[in-house]
Amino acid sequence: MCGIVAVSGTSEASKLAFLGLHSLQHRGQEAAGIVAFDAATGSCFRVREAGLVSDVFTAARLAELPGEVALGHIRYSTAGGSGLNNAQPIRVAYREGQLALVHNGNLTNANELRTRLVNEGALFQSTIDTEVIVHLIARSHRHGVEAQIDDALSQLVGAFSVLITVGDTLYAARDPWGYRPLVIGHIPGGGIVIASETCALDIVGARFVRDVEPGEVLRVKGTELTRLRPLPPEGMPQPCIFELVYFARPDTALWGYSVDRARRACGRRLADEQPADADIVIAVPDSANSAALGYSEQSGIAYELGLIRNHYVGRTFIEPSQAGRDFKVRLKYNAVREVLAGKRVVVVDDSLVRGTTSRGLVNLLRDAGAAEVHFRLASPPVRHPCYYGIDMPTKEELIAANMTVEQIRAYLGVDSLGYLSLEGMLDCVSDAGSFCTACFSGDYRAPLVDRDAGFAMSSHC
Amino acid sequence: MCGIVAVSGTSEASKLAFLGLHSLQHRGQEAAGIVAFDAATGSCFRVREAGLVSDVFTAARLAELPGEVALGHIRYSTAGGSGLNNAQPIRVAYREGQLALVHNGNLTNANELRTRLVNEGALFQSTIDTEVIVHLIARSHRHGVEAQIDDALSQLVGAFSVLITVGDTLYAARDPWGYRPLVIGHIPGGGIVIASETCALDIVGARFVRDVEPGEVLRVKGTELTRLRPLPPEGMPQPCIFELVYFARPDTALWGYSVDRARRACGRRLADEQPADADIVIAVPDSANSAALGYSEQSGIAYELGLIRNHYVGRTFIEPSQAGRDFKVRLKYNAVREVLAGKRVVVVDDSLVRGTTSRGLVNLLRDAGAAEVHFRLASPPVRHPCYYGIDMPTKEELIAANMTVEQIRAYLGVDSLGYLSLEGMLDCVSDAGSFCTACFSGDYRAPLVDRDAGFAMSSHC
Amino acid sequence: MCGIVAVSGTSEASKLAFLGLHSLQHRGQEAAGIVAFDAATGSCFRVREAGLVSDVFTAARLAELPGEVALGHIRYSTAGGSGLNNAQPIRVAYREGQLALVHNGNLTNANELRTRLVNEGALFQSTIDTEVIVHLIARSHRHGVEAQIDDALSQLVGAFSVLITVGDTLYAARDPWGYRPLVIGHIPGGGIVIASETCALDIVGARFVRDVEPGEVLRVKGTELTRLRPLPPEGMPQPCIFELVYFARPDTALWGYSVDRARRACGRRLADEQPADADIVIAVPDSANSAALGYSEQSGIAYELGLIRNHYVGRTFIEPSQAGRDFKVRLKYNAVREVLAGKRVVVVDDSLVRGTTSRGLVNLLRDAGAAEVHFRLASPPVRHPCYYGIDMPTKEELIAANMTVEQIRAYLGVDSLGYLSLEGMLDCVSDAGSFCTACFSGDYRAPLVDRDAGFAMSSHC
Amino acid sequence: MCGIVAVSGTSEASKLAFLGLHSLQHRGQEAAGIVAFDAATGSCFRVREAGLVSDVFTAARLAELPGEVALGHIRYSTAGGSGLNNAQPIRVAYREGQLALVHNGNLTNANELRTRLVNEGALFQSTIDTEVIVHLIARSHRHGVEAQIDDALSQLVGAFSVLITVGDTLYAARDPWGYRPLVIGHIPGGGIVIASETCALDIVGARFVRDVEPGEVLRVKGTELTRLRPLPPEGMPQPCIFELVYFARPDTALWGYSVDRARRACGRRLADEQPADADIVIAVPDSANSAALGYSEQSGIAYELGLIRNHYVGRTFIEPSQAGRDFKVRLKYNAVREVLAGKRVVVVDDSLVRGTTSRGLVNLLRDAGAAEVHFRLASPPVRHPCYYGIDMPTKEELIAANMTVEQIRAYLGVDSLGYLSLEGMLDCVSDAGSFCTACFSGDYRAPLVDRDAGFAMSSHC
């Protein structure tokens, strides 16, 4: 996952980038970083550190980031290769000047490219696929920054929304499939913001202009936008439907489509496809709130607040030896006995990946006195890993890849279990165009180069 | 405000205290601390630091807190006298041994007592009223720990729920009015937990036993409970109704009463008292969710998710000079245009104190296209400061102390404004007994000793 | 040991106190602290931290210490009760205002006083004897700051050089025996400096005025000095001779007597009393350099640099398992083979306490090829612990309390061993007056109140 | 300057490297780092940080550096390009494995090489010349680690003593001129140590084996040494004489020659060449102690300790506005009035670079009452910058490049000034072979490639 933002054409570039990152915090909580380029001194400064945006950046630190162009990145927590070297933005000095880069997505030929570059003597500072892009630019035999960027991007396969600064010029690009979002906003007082989601435009008071198009490479000089190469042929783009279903913030508009409206529609369809005889509908907060309301609306079953989410969950999970079962779930959620006792409950969640948290939630509901539990998912079974930038476990860990719906129902210990159908989901968002459904359908459109070459593939950004 | 917890009779005392604090995090985010007493070595260790519970405590730090009895405290953010010296637990060595103490509430004679103690040569380490209690114990002329504690507590006026350890014995006490909550739980595997709210019992798997009674002083030795003095006469107790209305977590049972049920009832009553001709009902999340659902239920107007709360708001508020109006509100909330555009909206909030945030929220709703905004408060006008431990501004800053309802409506810029009546609110919780309504009614039962003596009075815990 | 400094009557008080501490760094390396009182705001700020003076204080931190009066302290490394609470200055608010205090020396009735205060309900924040003084002042029944200070000081037995500020008034006092030094300097540009040694006057360009007299209590208001009570009767004072012999810096004048001259004279006398048939004289650097030069001068044996001291020895002593013998000595000293090989060597050291380091040094010299090693001490055998502020081991660990000179010679593995006689040493400094020789002679003049009452006695400051 | 160390063939490699760095601390105090390679896991760990060796490394950190081969580096304080990225060891993963490298010296064609590499697309992480070597190795078209190292080293011009690990194999090399020292030691219990000075062998109990020869490339596998290419022709080597004169520790043997003996001889020769009619000889401690003793010995004038050096000088230089003249000198040195008053004083220093410190010292001596000051330098006038790794100012700042001896005498304010002649100095060390005298004579043997190509040249390591 991860979130990215760039600001150009205003003397408060790093402050606005900070605010943008702040509103994208749901896309990653492990680390945050900003690079700013100050044309007055020709200096390119960077701050990056593990932690939340608001912890990493203080007024004093933002004051160390002067200049009219800035790039920011927030990183999703990753199991293995954490460490600050893997945090973005990447910043290097190369023969054309100071270059900085942030990337959201996952390249499917990163290992192939990296192997070739290492054999040519390139020295890597990190283990992230993003660094490949920087070496490709620095080693391009073509002349001029823009030709070099074009040369590098044209060698990439997979998902990438990237933002690059060279000196005080900003470049924005998306892969031809358009897997990850990237939107352009205009700040009324002057300035351009490009970010993963529209909520990052809202927070700085910017007006939505348009998406960076799939396959587009865009130059931003001050506030002037220039497309650097023609768009790819029609029909290719297929953005990630999981962003709509689960990942983006409900107040974001994605692919020109309201996330809240999409989830609400899925909830309503789910009520039709998977009805239940029950007293109340509750959501697994907060990502399933919209879908649960849709289910309630369509089914006529009352919407209730049966689960409370603890918003202060941190990195410390200290499990006492006398901890009861489902301890980790209890740290994050609490069931409201008053609401649940004696009731037949429909629980709506956005998706089911491993199933362990859901199973714990069901136990909580039972302990709080729920008479029946009917589990409903506002998306189809997740049966295939994502290689385009959504952090997912391997196929072995995906519960729907290994069990039937009835087996899952038994595993969760619920009275009934129902998924939204793939057709149902696609119907709900049909006016937003075509989508990547690989995690549901296994239909991987961008070639899995590394996998086919026998390399390990990561699925994180 | 603030939250407190104590654990006795288990070798994992500090771990369980940590978990209890974790679930009480909504009662204070400024600092957290734990003291543990290890009978094996006679040592009393303390960790306290600014920050969230999960940031302050790591497994390594909890390992530095061995022993079978532990005390914890979380502190609400205070404008002025922050600083680590003011963080709790207080820990001292006095002639009877190692004493540690945590306090939730606000003494109304703290300055009078402090002045007397300073004149006698007592050296204070902090500026918090809690330290007064420790000096009173240490200087008592009576014999034995329990007589000294009784001597000290009997000199206090105002609101106090306190937990004290002397060596490995735990004491719990509440003021005779019972302003702040304090509940007792029993851990099935062995151990006693005493905490501000029942959600701290739930997280460690403890079973609710009973409240510490108003005026009670309780000794806990291992898991054995002994009341040390008779309870005060009937009729005196009047716990804080604001805990029910706003402060406690919805999954907590307070004074034996479900917080969620109380708020739901207030929301329903509010719909009757203050109806509105509207299309949707939305809550100011998260504290008004229950009341808004109640309003929707009773009025039949659809409940919607029109405001999204950003849960990663930190301590850094860096306002860009081009920030639009209502910048701070926008950092915390985002309005969902899709839901609001063209709609007549009822917004339900729990209470209205200064009015500045509400005014910003109204602007957000208007900007997102709301056709009409009908503001509804699930509590009566707050016209009087609290001196018993709820952090409130001075009378000059309380909007309802200085404006009529119509003036407030105009200030907020809403189409209509309606408060729940005091009678209505009390009716909703009548089976839970008598309450302190000072902030609504000005009826201060515990004498305001410091105010009457001309001292400044603080209202924080 | 420890070092103290105070500055009054200049707007750069904390900067000058910092410089004074810097020059007193040889008196303690564990922690450093400064308190400054700013009359303009009535504020009393403190910085104290573990580490060297130049690491603890940065320009930014000194900027946090405005005001015209400042107190500083450096603390000697102590085995047990370290911890920041035990670092000075102590700072408290008491009924007469903001009071800060630093202390060099060791009280011999600290435990008696502490026990009495604790029984009266005083709450101690540290385990150092210095805190007793503060409580005595705060609890004095006399009226006014100066009467309270007098009341407190008159209850103390043992060694104390103290500096106290109450608001912007400075007080300086020494015990009637005058164990620890305290000198007054005048800054030509305006300002008074009072410090442990004259080298702290030199560094700030202050001119030596006089000692604070034994038994004197002095008020410093701005740059005006007033003696607050008559001096004690003649004949009582007997400052510590160990300061001259070992502890003070050679460029300091102590009790109006040059430390370098005293040590040089002891070295010469040692050559007469304990001659050796040898080729070269070397010092154990740096404290014995003066004495070794004196020995060389008087004996006519050439002075050489046979031992090099590593000045970067830090707190990390990581002993590899293959470390040879005398590893710790080798970390601190290196022998110069070129100088020593084949030579008969006189090694001069200032004193012999435990003997372990000296034994290691002898091995180093042998390994570097020394043909003969003649060990000479420029002071008599140390047979008795100091209870007046020099950090020494218990009697069990003092080698001269447990072995004859011949046994010590054999233990060190040297060809000959010779101590300066007590008479010889006293002759060398006879024009400087009477001295405390308790560590050599066992003649303790200030009563050992705690020892006689069965309390444990500390020997550190 | 800088110091380097490597350890191979023992399970305590990083501990011994730490001790070696500790004894080389005089060669640099800005930063310290160690890399260790653990063959068992194939992991290469690094710790590097600003600060003294003993502050950077704790037992816990050394435990993070397991393995049988380790490299260490300490860095001299540099004005400009500090920052952790410039700290060594450099560590990279390249196609042949994990490579780490440390370097002492200064390349005279670093900018030429760097420009070429950048144009080829190499991405640099630091601004130090050392990184060039790593890129040259990684990009070599030759096959195998050793051919690639040979390829890279053969492109370097200037001064380099380098230590490289690739996996668990260690390589050591010196430039053909042999500017910077590098010595090999054997640890009796097993293991090889290679370090800048012999004092790093002594501290780990290693026996001196021989120098790494000028132009040699050596492989160390476990404890087995193999020379990888033939030595360059005779006559070329000319190690730096300034290491002998000033930089190395007196207990080190350099180029097989005792530093102490060299300096002593220079001091004696200086007494012959530049006699003085005086009462005492004093050294500027500590680097001139040996030369001053030599002067005293030869002239018969008594050696005295007239200047005391403060060994705790840190990084904080906070100059009070009332600071007298020569404040910074006074922070570092104090004059002993007792020794100096009324005396005619010969002051011996090792060298005179800018002259500002010496001028301050002379003022100190005058203020302490010296009747006459005769300044003597145990080396010739420094008239040319060093480009081979000794940190020196530009020619504009070298006092002897811009003034006659008489002008310098007047500037320092001394009664007489005398330098050792170049012939005299070379005579004193003639049995140690040929030396680089560029800083005295301007005779630069290794080509100044960057200077001749118009690049800026740095003079630091």
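Some points to look at:
Letters A, B, C and D mark the chains in the order given here, with residues in each chain numbered from 1 onward.
Convention: a residue touches a chain if its C-beta (ideal position, glycine included) is under 8 Å from a C-beta of that chain, and two chains touch if they have at least 3 such contacts.
Remember, it's a predicted structure, so these values are computed and weren't measured experimentally.
Between chain B and chain D, the least number of touching-chain steps is 2. Chains making contact with chain A as well as with chain D: none in this assembly. Farthest chain from chain C (centres taken as the mean of C-alpha atoms): A. Averaging C-alpha coordinates per chain places the centre of chain B 52 Å away from that of chain C.
Inter-chain centre distance (chain A to chain B, centres taken as mean C-alpha positions): 36 Å.
Work out the mean CA point of chain A and of chain C, and you get 63 Å between them. The multi-chain contact residues of chain A, meaning those touching 2 or more other chains, do not exist; every residue touches at most one other chain.
Pairwise chain contacts present here: A-B, A-D, B-C, C-D [touch as defined]. Chain contact summary for the complex, chain B toward chain A: residues 10, 12, 15-16, 18-19, 22-23, 25-26, 29, 52-55, 57-59, 62, 187, 189, 191, 199, 202-205, 249-251, 253, 258, 260-261, 289-290, 293, 297, 302-305, 308, 310-316, 318, 320-324, 330-331, 334-339. On the side of chain D, the complex with chain A involves touching residues 92-95, 118-125, 134-135, 138-140.
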